[in-house]
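Labels A, B, C and D are assigned to the chains in the order they are written; within every chain, residues are numbered from 1.
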Amino acid sequence: MSDSAAGLDDLRDLYQEVVMDRGRHPRHGARPARFDVSARGDNPMCGDRVEVFVAFDPQGAIETVGFEARGCAISIASADLMADTVTGRAPADARALFAAFREMVKTGHCPACDRAGDAAALERLQPLAGVHEYPSRVKCATLAWHALDAALDQAAEGKGVTR
Amino acid sequence: MSDSAAGLDDLRDLYQEVVMDRGRHPRHGARPARFDVSARGDNPMCGDRVEVFVAFDPQGAIETVGFEARGCAISIASADLMADTVTGRAPADARALFAAFREMVKTGHCPACDRAGDAAALERLQPLAGVHEYPSRVKCATLAWHALDAALDQAAEGKGVTR
Amino acid sequence: MNAETGRPTPDLDLDRIRADFPILAQEVRGKKLVFLDSAASAQKPRAVIDAMVTAMETQYANVHRGLHWMSERTTEAYEATRDKIAVLMNAASREEIVFTHNSTEALNLVAHSYGRGVLRPGQAVVISDMEHHSNIVPWQMLRDAHGIELRVAPITDAGELDMAAFEALFADGRVGLVAITHMSNVLGTLTPAERIVAIAHAHGAKVLFDGSQAIVHRAIDVQALGCDFYAWTGHKLYGPTGIGVLWARRELLEEMPPFLGGGDMISSVTYAKTSWAAVPHKFEAGTPAILEGIGLGAAIDYVQAIGYPAIAAHEAALVEHALARLSAVPGLTIFGRAQQRGGVVSFAMAGAHAHDVATLLDRQGIAVRAGHHCAEPLMRRLGVDSTARASFGLYTTRDEIDALAAGLEKVRSFFA
Amino acid sequence: MNAETGRPTPDLDLDRIRADFPILAQEVRGKKLVFLDSAASAQKPRAVIDAMVTAMETQYANVHRGLHWMSERTTEAYEATRDKIAVLMNAASREEIVFTHNSTEALNLVAHSYGRGVLRPGQAVVISDMEHHSNIVPWQMLRDAHGIELRVAPITDAGELDMAAFEALFADGRVGLVAITHMSNVLGTLTPAERIVAIAHAHGAKVLFDGSQAIVHRAIDVQALGCDFYAWTGHKLYGPTGIGVLWARRELLEEMPPFLGGGDMISSVTYAKTSWAAVPHKFEAGTPAILEGIGLGAAIDYVQAIGYPAIAAHEAALVEHALARLSAVPGLTIFGRAQQRGGVVSFAMAGAHAHDVATLLDRQGIAVRAGHHCAEPLMRRLGVDSTARASFGLYTTRDEIDALAAGLEKVRSFFA
């Protein structure tokens, strides 16, 4: 990417390096060979679509997350960063992180973040905080999280793939 | 009517003496014993209603006009003055007078009046010229004329009461 | 003191309020305007005018689907009004607020979507004898298209709902919906909403209030009323024309099929099958009345800043004063003497047609309405063709009512 | 010179025109606003803003039934717009002009009143593959409620109506109505209106044009087109939101049952039977969008003062320039290459999602739309989920198109 020469600095507040990178080359952007539950998120207004696959470890914590997505850089980067940050967490922790993340992308800051004790994880999600300046893009950033939430619901109800 | 003492002069531009008088005591406000055609006019927005009865002389001119009306002072006064002025006229003349009168109550003046050669008749209708300042009342002033028009249509089509 | 409640009247600063409405400084036919036609449509405060102008001058674009700054700001401002309405009516959620064109469209929406979608042929809809045409004709159309029976609850000579007769209409258990005014636009009568709801619900019927007039005069708490639908119109609540509101319980909105089809009310479209957007958007087809929604938000802010207790007390005092003054005009008949009433007074003058009365008042700068007020069946019930009607807003003064009384005296001596 | 007609281009004084639109002087995200989203909704000239403000400040009241000065003046101003529209569209009479909420309501009105009232089950309605949802969903609802068949005329790869395939749809004589866009909001294609009408009429079918986009760019003469219905929306023609227009031949309006029931659309009401007002009022229930009608009148005056020949020539030149500039951006695909087209250009950038493109342009102050543009079936036909779309108004400049091209180059190098 040729940068300041073309005067692209302005565009960096939302599309930070990591967003661009993860948007193009997601690390978790595939359907895993093994998973327990999966759920889909749709943004009918733009056609963005993501399917999230979750596998749990024997203690019930999230072991791996993968996804298949069709969408914009922000929704894919957000899905990928989500997969990074929820891995290893108990479902309840993952949901608390979603709540904090949602507040961050809606408002640009997150008073609950300290309470959530997730400072480190939110630090990694921080590149998406700029979304709050673009309210119409908040749905892009939260799409994968909504799908994760639905997948965790399924697990809680005992549904899911039988292995 | 106690007048200028109560500061009623302002009200006189529309409700001239003759309008008040004819509105209360119309001279032609009855169904005649004999008539050739009749037609109704309705103003659904206010419930005003008039039925106009027309008798023709052997030459086909309007011999007498009577009406039954329920309505405001302006519609009744207008019906009565109409009956005055169309009596003795050929139907085509009556219609020409209607056209001139309609223009007068819509605009306050009547360039066609001289052409119509009806100066004297329009002079008698002049008390209603003030209606043009109150566009919502134009329909009141023309209601009976519309009914007359419809009655003349019937006569032209050979319909009407057989005697 | 407020005569009705015995509590001290919260004072309205009428001078300041009147200064907020530019039009009130106008002259008409060379006289100071005395505007007593607010029930037909209210005047607009500067705050409403400014909100619309600011939107058009600084942040306008189409809403909802725009990804750019102007569209995002416009969407925020427009959708903020939905929140304000939810607060105003104490709705359980903002999703229960549907924007319509006016009250009439809101009532038609219910008649169409709930009427055809949920009511079954053979069921009955109850209206009253003092409805506006907008709450009669949609049910007649439903009757004729869908086999619904239309029942009319009578009113007493005082102009109140006849509650015994009302309750009797439910005896056969076939009533599915009561669609009734919350305040008559002719008589001023406020109907006993809680009792209506209690009776209807006891018989398994839903209740729709036509609140077009009531919400101008009284705080509306739909959860306290317990009703199922509530319709009103922005232009009577000091807002712009072109926007109205339907509140409905969420589960009813979910159950109802959509009304109009088009943009914004879909979730996805294929030729074979289209799926609907979530409520309330399912009922909002096409580009909404964006500027009008923004203007209505400013109107609600304005009303809320003054507060319904002060507005209701002010109007109750005006009505009391008007009834006293107009009763003293010889030959004047006043229609309706309900215990609970808002700022509307209808009357007739012996020997003078209502249209002539209205025109002669207009000549003096006094604006009242005359006619059937879109309530022909009520006119028949009252035994008249038309009435003259004076109606009050939060900016109306006692002096204006005195001017009306004096104006009527003039008309009377003119016709005497 | 105008490339299309070879005649000298009537010059628009763009500086003066832009000064008429206060919003165009705004900054967005610290950059000069470049507003290229007029097809979603156009900006409003000061004349429109002023007309609405003047109405609210000096002569506002409800219309039609008022006997006082304010109501008479408001009625005159509002109804004057009906005359202006009749002139604008060359309607045979003002009675053929029905005011609606927006295009969507106008199209629903025809689907409801003509669809259910005149079309018979088993007849077919023809739409095209490039319709806005507002001209798809009402016909699907009609199909499902009333047993109408829905037929879709295909388009060519250039984005034009496939006329042979279109004509073939009439072979079985069952088509009762063609409801088709006069200009695509995605491809910019202007459809061959006269040919469509000739084919449809030859087979006994009526024609409804969705002119929401076309009337912004071309003079519409409904008598010359020969069509039967024409729908459009005020907010795209530089007018306020909340008002739209349906033109229809008088005899069709007379034949159609009413749509919504309520005040203003009746002649008289009894519980047993209600009779309808004369056209167009039969289709206008409730308090109309009065202020919006007045604002729309000012918008029409504004457009007429500039004149369609100048507007069409200006926009044709802009489109030509835009196609040239955008074609030069590597990796950009432009959708639609119709011969006849208005000021709308849709595109996609290789390797970048349309939403990201729109946001990155917005960051530079450039407003474009991205998404399915309420035309999902067309997206499927084009083989995409969404496109980005730049659209032009009479105030759009070549510089703004250059800014778009430069902005896209930046986005490309950002994604490269």
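By our rule, a residue touches a chain if its C-beta (ideal position, glycine included) is under 8 Å from a C-beta of that chain, and two chains touch if they have at least 3 such contacts.
Worth saying up front: this structure is predicted, and the values here are computed from it rather than measured.
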**OP:** Give the label of the chain whose average Cα location is farthest from that of subunit C.
**Re:** A
Subject >> Chain pair showing more contacts of the two, B-C and B-D >> reply: B-C
**OP:** For subunit A and subunit D, let me know how many angstrom lie between their CA-based centres, rounded off.
**Re:** 39
**OP:** Return the distance between the CA-based centres of subunit C and subunit D, expressed in whole Å.
**Re:** 32
Original post:
So what's the Cα centroid distance for subunit B and subunit D, whole Å?
Top reply: 47
**OP:** Would you give the residues of subunit C that are in contact with at least 2 other chains, written as numbers and ranges?
**Re:** 29, 65-67, 71, 266, 268, 355, 359, 362, 370-371
Original post:
Which residues of subunit B are in contact with two or more other chains?
Top reply: 45, 134, 137
Subject >> Category of the chain touch graph - line, ring, star, complete, other >> reply: other
Original post:
Which of the chains touch, listed as pairs?
Top reply: A-C, A-D, B-C, B-D, C-D
Original post:
Which subunit C residues qualify as touching subunit B in the complex?
Top reply: 29, 352-356, 359-360, 362-364, 370-372, 379, 385-386, 409-411, 413-416
Subject >> Footprint of subunit D on subunit B - complex, ascending >> reply: 44-45, 134-137
Original post:
In their shared complex, at which residues does subunit D touch subunit C?
Top reply: 22-23, 26, 28-29, 33, 35, 37, 40-41, 43-44, 48-49, 52-53, 56-62, 65-71, 101-105, 107-108, 111, 132-134, 136-138, 140-141, 150, 152, 233, 235, 240-244, 258, 260-266, 268-271, 274, 285-292, 355, 358-359, 361-362, 366-371, 374, 376-377, 380
**OP:** Note which residues of subunit C are touching subunit A in the complex, please.
**Re:** 64-67, 71-72, 75-76, 266-268, 277
Original post:
So in the complex, which bits of subunit B are touching subunit C?
Top reply: 1-2, 6-8, 10-11, 13-15, 20, 23, 45-48, 70-74, 134, 137, 140
